[in-house]
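Two complexes follow with chain A in common, the first pairing it with chain B and the second with chain C.
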Partner chain A sequence: MNIFANPNKPRGFERSIKVENLSRRGILKGLGLAGSFVLAAPLMSRSAFAAYETGASKMPHGTVVDPRVFVSIAPDGIVTIIAHRSEMGTGVRTSLPLVVAEELEANWSRVRVQQADGDEVKYGNQDTDGSRSTRHYLMPMRQIGACARTMLESAAARRWSVPATEVKAVNHEVVHSASGRKLGFGELAADAAKEPVPSIEGLKLKDPKDFRYLGKGEIGIVDLRDITTGTARYGADVRLPGMKYAVIARPPVTGGKLVSFDGSEAMKISGVEKVLEVKGWPWPSKFQPLGGVAVIARNTGAAIKGRDALKVVWEDGPNGKYDSAAYRKELEDAARKPGLIVRKEGDVDAALKSADKVIVGEYYLPHLAHVSMEPPVAVAEVRANKAEIWAPVQSPGGTREDVAKTLDIPIENVTINVTLLGGGFGRKSKCDFALEAALLSKELGVPVKVQWTREDDIHHDFLHTVSAERIEAGLDKNGKVIAWRHRSVAPSIASTFAAGAVHQAPFELGMGLIDLPFEIANIQCENPEAAAHTRIGWFRSVSNIPRAFAVQSMVGEIARATNRDQKDMLLELIGAPRIVDLSSVKDPWNYGEPYGSYPIDTARLRKVVELVAQKGEWGRPMAKGHGLGIAVHRSFVSYIATIVEVAVDEKGKLTVPRVDTAIDCGTFVNPERIESQLEGAAIMGLSLAKYGEVTFKDGKVQQKNLDDFPVIRIDESPRVTNVYIVPPGPDTPPSGVGEPGVPPFAPALTNAIFAATGKRIRVLPIGKQLET
Partner chain B sequence: MIKLKINGQEQTWDGDASLPLLWFLRDEVGLTGTKYGCGQALCGSCTVLVEKEAVRSCITSVSDVAGRDVTTIEGLHPTGDHPVQKAWRQINVPQCGFCQTGQIMQAASLLMQNPKPSHDQIRDAMSGNICRCGCYQRIENAVHLASTGV
Partner chain C sequence: MQRKLKTLGLLLLGVPLLIGQAVSGQTSSPPPATATRPPETMPGQTSVISNSSPATRTETTGQINPDPKIKEMNEDAKQKIEREGK
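On to the complex of A and B.
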């Protein structure tokens, strides 16, 4: 699809709903250097031409393949490469520029990375979510680098009056081996800029065997030194002359609103300068601010103290009775009754009736908060009808659109400077905090930083959904599974955008429900209704968390009931190597990717199970109180299998001596960052399994901070996490890494707990369930 | 008027004496390497050294450190090459990096008091510092590396 085919694509979240695709949604100074490669950045956008098709072209604004937008070369030879995706810890700010440098034949030590502002017309889609960056941009970045290299080679050939076929870019210079002549990239930059940009179709990409950087994992992240010296700049670290500091008291119940406030005591606090109302939007409020009362001060500490002194009267609204314990019963009841059928093969009712044995598993997983280490924060400077924002946002393009809409100014007048993100995990796809800063700066006429406290972050998150999952498995007299019914009940993310959304959206159904990869004759997936009572949003790996937990726990339950090894049971259910046929699903969502390039390939699923079993020494002898568990899950079009070893002592204290994880993510860029993502996914998986729970009473979140919403600390982290990466086949398309490590962890853990103790955990978090 | 030394330089404060040191450092002095993560001494992102001791600056008021020497990440080493910082880079520890300055200050304090900690001692000493990205395996290895020579 040509990205210019529809310039009026829907904006904000609507744009994603319409394209049926999950989208969470300094100015380039220095590019105008005289004699530099890029004299200006003309608009010339093209889709990538690749051996495989991806969903990139369906994302808002698609991809832009233009070296003049992404690469500049200064006369001193320094190559500047644009990073247009947000860095929240995945390493993307290093990985994608590294791809450009590889094809460009640049020497990485002479490359600088510059963060793009939010401008999707110029750079293509910037929504850094859905584990999409490498899979959508590996090929475009290779092409951008190859274009620039070709232009440098052409310029050198012209200078020497030799055929272009006789020259070659090698390590930051172009050489003519016949004559021994060489010219550095800096010496060629000005001439190269005058060369025509070659057509993508005719580009010669490097042979992977000649790669110096890709697939090697020998490059540190570009921000490594700055991070270790405290000079890396996150959203919270932006300081502008005359900037004021704001914290906001927001309605404690989602959908509630301000009735009245008294700021007189707050104004007595030293350093507090002003108290004012912040506009809120009616629920469901999308990414718009919740509204409330802002305290403006000369520093954040004073603003927080001032807010503590506010007297505010709130009206709670329709969600004032939300009680998560009562809601859990509602969801579990709904899961016991028929719901909307979203996948149907064979006759599951008849098969369950005829089954020799039926095993029922009911699972429940609560709301989760993201708690990125950097709570939401943004700086805005709004003057006249222009707005400049500095913020840690995963969706710079979406933020730009939303700021323009909220302030009612032209989008061209909005600049979004993307800082480093102190963690994201999906929370920073929603730009409500940046909109608050914009509204306050407009009102006050000065730059404003809005800082969320940790309590704000937990109280007003776009929470991970809460879910009841119920699976019935029918077995014949030989123990073969002949029927599988999975009901999944959870409030949908769509409820944050549209009133009355009670069913899961296709992008949620596609995360571990309708994409069941098992070879079973009778399959039925159902989605009973669930209404939301708080803001629901994307959390790293999203609906895959409850679905993988249910499905992979059920595998363990069936293995137990039929007295078989968990891993053997898993491979039997996966069945023969094949491409899973989803033709019975009306609306199969495949992470936005074409099924042709990214099918559910059970050979790859089996491979990661077999690899982790071999490397992770599945079946190794266990000491008393120790146990091994295994789980596999495909998400974000990658395949991951995990083995967890647990130890549970007599008092029920749980520790994790060892984790082994195998991933097949297709062609990859930086294996060292894949390892770090999977090490981290094990920690996040352990956090949610052991502790993660946000509860509600009278419509209000009951947790406040990291003491009552704990996450794993180093003293309880796994002693060792081993990562194994399946080598890609030729032309295997790249797939996700940031999220897919999370879903298999919790069921592997609870399967291991069962092996160690005989106790089956069906409700998360584990909390005190193991205590004796 | 409160006087204190930060990274060897004298600083004064005549505002609210109960202002948390964290906000004094970040908003009044402009040293943003010290991070806010929780405000309740639960996460360790705001860790600084007061003399040799690791302190949570979010619950330490400016008046608490009157006359004391405070070291932030910016002052840990003149060129950013403290053994802990070097070990961190050698092992490629950070993901998002936000908590890392607090982790590094905590580790530096540990090694001042116990130059050769065991792995269990490292896990114990670092357990007040949360990393939501989950870099713990590398943190443990980096502290060990720093203690054995980078």
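On to the complex of A and C.
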């Protein structure tokens, strides 16, 4: 079987690599301090020349391919490579520099990684979201490394007065084979810096067969030692001289505002120094702070106690009667009525009328909170018209823009220092917490840390949307599906920016609704209206979570109704290997990628199903109370199929003995990180399916902490998670890894529960539905 | 090949938390909480009774932000998500 086998090696770094940690004022501004390779040259921003086209050039500030921005070499040979994306557990701070090192022919043990500050003009787009880092930057990073290698080779050839074609960079040296001469990178750095940057079009990239690092899975993440030993610096670890600590009481209802407050009792708490109002903006207002009352103290604990002692009167505003139970009923009712048609092929109404059998599935998924291990936190120092921020942000470029606009200062006067993120999941692409710190520092004239508690995090999140999904499938007398109508009703993320948004945006519709890959003659997708009554934001995998749950659960329901095997039913619905024609869709979106490079290829979809079925031993005998479920989903232009084995005991206790997942993510950098992301997706998917639910009463979030919004503990995690990676074909573009593992998990799980118990779960979380 | 995830057992020892009232003695009526364990509710925080209508699926709140700067930021964000999706 032509399958990349996961390296059966223990995790861990095999080389001692150190990330240059941030320090106050000590962060290297640019590369001038880091080595002699750097020129004070103008930036060279150009679109990447690649064997495949991506959507990178359409991102804000596009892609910068310039070795002088990303690479420096010190006289001692140490190579410093800039990581311009944010590290939140995916390993991107290792993966992208590793790509540069590969093409540069650098020895990874002599490479240092330096975190970039937020500067998209300099580095290109820095939004670390959408599972885009590798797919947008694999080729640009190769080009950057190859440019630097070529400059080193040119410098050596010039010094030896030999043609450049006679020299070659090999493992941190440039070698002239004919004479046996060698020069280390450090010895050549100064001269190399004087060489012109070669044009991308003429670059020679390494032959993949010569790769030492890419695709091998032998390099641990650069942060591993620090994370393991507790010395890694996250946002909460930043401390500045004279810094004050703040927590904020925010309006408990989205759109509410402060009426009055009394801070006298708070001021009696030891350590509390000040109580003041924080400016808030009427909703919707992008990522602006909600406002409220800040308690400023000498430490976070005192600030929290001070906040507890505040007397505050809020006006809840127009969302003051948001009740998620009543709203759920409205969503479900709406899903039973026609809505805005967003994809139409054939005649669904007629096909359903003529069908021999119609199967209807109604599914509901609640709001979800991100609950990253590290709640939002930010430190800001604002003096005169300059601001410096230290924060775990996924979008340092966007944060820089928003801080500048909020403080009304030039963007050049804003510095965003990116710390490690203790998880992100999309929450930290919204910079409201950094804006709060900036506003308070400006007001107080000293550095301020704003720390969110877990309760703040859950109460004031940009939540994952709530969703009702309804699918009608019409079958002919032979059990073949001839009609498919999918209605998806959910408030849109666009409501965070647009007051009247009631329909999903194209990018949301494109996550598992209008991109249905099934070969069915009559397809209709609809999107009834849904107004938002809280802040909705991006959440790992976004709308793919409810859509995959509905579609893949429905496949299980059809298989049951027709007495078919789930996997066989799935392959029948996917149909023949082909490129799915989405010409009937006004805006297919396709994750922002050109359809030519990233089409919906059902051959790849089928392959992951077949692979996971083979490797996961689909159909193997099950003990009583055990069951297998399968699901497949394409998201972030990757293909993933998952098999879950469940065990349900007589009392309804659910455990997951085994998970098997196959992924086709095209060309990849580090299989060890893919495996890690998919293991994490299984844990997160199980956690959300079992417990994930945020509810509202009187406009207020009812959950408070991890006791009533639980995440699974280690004893509940899947016992075994096996990952199989489909090897890429020649020039197969890279695609997403960070998010695609989550969507197929829940339907594979609930299909397995059905196989084990005969009980169909249509509403998440599972909660107590299995208890007898 | 495949690799198995092995679960590791961790034993977390609970540490009793002192009640703020017992140790601070700084106020006559400190909140029933510690720095690491906030109170279940914020007794000092109240909402005036909302006279808003029930939140529905079809009606937006009608709230708009009149600040030109915020309007611009909202518009930029809308264009951004239409272009890149995220």
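For the reader, a short list of remarks on this structure follows.
Here, the second predicted complex is superposed on the first by the 737 of 772 C-alpha atoms of A that agree within 3 Å, B and C clash if a C-alpha of one lies under 4 Å from a C-alpha of the other, contacts with A are read in each partner's own complex, and residues count from 1 in each chain.
The definition used in the following text is that a residue touches a chain if its C-beta (ideal position, glycine included) is under 8 Å from a C-beta of that chain, and two chains touch if they have at least 3 such contacts.
In this text, all values refer to a predicted model and were calculated from it rather than measured experimentally.
With both structures placed on the common chain, the touch criterion links A:Ser717 to chain B and to chain C.
Counting residues of chain A touched by each partner, chain B versus chain C, the larger count belongs to C. Once the two complexes are laid over each other on the shared chain, residue contacts for A:Gly256 go to chain C alone; chain B is not touched. By the touch criterion defined above, A:Thr453 reaches both chain B and chain C. By the touch criterion defined above, A:Gly680 reaches chain B but does not reach chain C. Shared-chain residue A:Ser270: touches chain B and chain C both. In the superposition on chain A, A:Leu706 makes contact with chain B only, while chain C stays out of contact range.
By the touch criterion defined above, A:Ala302 lies against chain B and chain C together after alignment on the C-alpha atoms of chain A.
In the superposition on chain A, chain A positions 269-270, 300-302, 304-305, 453, 455, 679, 714-715, 717-718, 720-721 are in contact with chain B in one complex as well as with chain C in the other. Interface of chain C with chain A (complex): residues 1-5, 7-10, 20, 24, 26-27, 29-31, 33-36, 38-40, 42, 44-48, 50, 52-67, 69-70, 72-75, 77-78, 80-86. Only residues 5-8, 55, 58-60, 127, 129-130, 249, 252-253, 255-256, 259, 262, 265, 268-270, 281-288, 300-302, 304-305, 307-323, 326-327, 330-331, 334, 402, 405, 408, 429, 453, 455, 489, 493-502, 505-507, 510, 529-533, 538, 542, 589, 591-592, 615, 675, 679, 698-699, 704, 714-715, 717-724 of chain A touch chain C when the two sit together in their complex.
On the chain B side of its complex with chain A, the touching residues are 15-16, 19-20, 22-24, 26-28, 30-40, 42-43, 45, 72-74, 80, 85, 88-89, 92, 94-101, 104, 122-124, 126-140.
Put simply, chain A touches chain B in their complex at residues 87-91, 220-221, 223-225, 227-234, 236-237, 239, 245, 269-271, 298-302, 304-305, 371-375, 420-425, 451, 453-455, 672, 676-677, 679-684, 705-707, 711-715, 717-718, 720-721.
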